[in-house]
Amino acid sequence: MAPAVEITEEEISLEQMMQRARSSQAGAVVSFLGTVRNDGIEWMEVEAFRDLALSELEAIRQEAMSRFSLQAAEVAHRTGNLAVGEAIVAIVCSAAHREDAFSGCRYILEQLKSRAPLWKKEISAEGGRWVEGE
Amino acid sequence: MAPAVEITEEEISLEQMMQRARSSQAGAVVSFLGTVRNDGIEWMEVEAFRDLALSELEAIRQEAMSRFSLQAAEVAHRTGNLAVGEAIVAIVCSAAHREDAFSGCRYILEQLKSRAPLWKKEISAEGGRWVEGE
Amino acid sequence: MRVKVLAFAGFREILGREREVEMQGDASIRELLEMFASCSPRFREAASEPFCALRDHVLLMVNRKRIDAEKDLYRILADGDELAIFPPLAGG
Amino acid sequence: MRVKVLAFAGFREILGREREVEMQGDASIRELLEMFASCSPRFREAASEPFCALRDHVLLMVNRKRIDAEKDLYRILADGDELAIFPPLAGG
């Protein structure tokens, strides 16, 4: 079984993450998929401070699990060169009730953006540009 | 291509809904899956006022599309007899940005619960019980 | 005058999914419900409070538009109208 | 004294992903950064403001703990420390 937190050069399989997160105790499963949007870019390069990002994502995941009584939480972040439309990040949270599943998914996403050492560069015909953090 | 709003006796394929909702213009895809939770029940029976539910879901979908600038929105509700763990409802929203995708998904779910003529009955060893609306 | 009656969830289990009802002359929604109550003690039990009030959880539609159970109960039905009876919605 | 330096994103493109740096005697974080700036005009351009201040978007970690660029810049590095240099996070 794949780990609940992943940083991978391979394409993310949201389907497998959903399967792992579903259970007979979970009445609600919420997923977020962030993909490379076509803003006139040709591809995107994603870079990680890999082992630190993994431990930070695992810490965020555990915070979400306990704050929102999640049944399961899965996080995957892609690295390497991504084409338009490919998944950059995927998050799946399951809980007994929908409020918790939504809140858990939002929490993981916002914390990931502010705490996980990951960077994106957009490459267009004009050249490359590192995306500025929010 | 399946319609964007569906009430079906067949198992819901969230994967196909995701595929239809993804696009190069959508940077964010949010999904909600509501499943039969094991509260000591044996199965669940779901009933619809079918054509009215379809038109209501389509109205809700269109409201969400314009309120939250969605790129796509997909809704499917299952009817018939469902086993524990099976999907009752699935919603997928895609948008340029994550806020809109989350808001659209929440909006469709809450409106569906309050406006779509659908009912659930939980069948346990002790007998059946129609679920009370929220 | 013929009216189509649709019932869902608990009311479907009592009244059946769909039936055509033939009434003599004009009839209000209330009269139609009273007829069901007099034919079916189970329906009376499920739908009515003492003193002939409708239970809160009985929702009504005429021709797919919600009916206010307090204000519109004396509304006269027209030939071909469709009355739907159901408990509070519980989808999702 | 040997220090490992990791750089990410734009700083990785300038300094390389990872390098070992040998310093004579004690050295502060600031001295290490000044050394990079003096060897690499691109790094000086990317990381420093006039009057030797660090640009806001230069983030630093020593041994995986964030360093306050104002208060901790004179901190003396120890043998075996790992210094990481990167711009604001932009994952997700």
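All chains are identified by letter, namely A, B, C and D, in their written order; residue positions are counted from 1 within each chain.
Convention: a contact is a pair of C-beta atoms (placed from the backbone, for glycine too) under 8 Å apart; a residue touches a chain by one contact, two chains touch by 3 or more.
The structure presented is a predicted model; accordingly, all values stated were derived computationally and were not measured.
Chemist: Removing chain A only, and moving nothing else, give me the connected sets of chains.
Modeler: Once chain A drops out of the picture, we get B, C | D.
Chemist: Centre to centre, by mean C-alpha position, how many angstrom separate chain A and chain D?
Modeler: 28
Chemist: Would you mind pulling out the distance in Å between where the CA atoms of chain A average out and where those of chain C do?
Modeler: 50
Chemist: In angstrom, rounded to a whole number, how far apart do the mean CA points of chain C and chain D lie?
Modeler: Comparing mean C-alpha positions, chain D is 76 Å from chain C.
Chemist: Can you list the residues of chain C that touch 2 or more other chains?
Modeler: In chain C, no residue touches at least two other chains, as defined above.
Chemist: Two or more other chains touching the same residue: where does that happen in chain A?
Modeler: In chain A, residues 34, 109 touch at least two other chains, as defined above.
Chemist: Mind giving me all the chain pairs that touch?
Modeler: Applying the touch rule to all chain pairs gives A-B, A-D, B-C.
Chemist: With touch defined as at the start, can you tell me which chain A residues reach chain D in the complex?
Modeler: 34, 46-49, 52-53, 77, 88-89, 109, 112-121, 130-134
Chemist: For the complex, give me every residue of chain A touching chain B.
Modeler: 14-15, 18, 22-38, 84-85, 96, 98, 101-102, 105-106, 109
Chemist: List the residues on chain D that touch chain A in their complex, please.
Modeler: Chain D residues touching chain A: 6, 8-10, 12, 57, 64, 84, 86-92.
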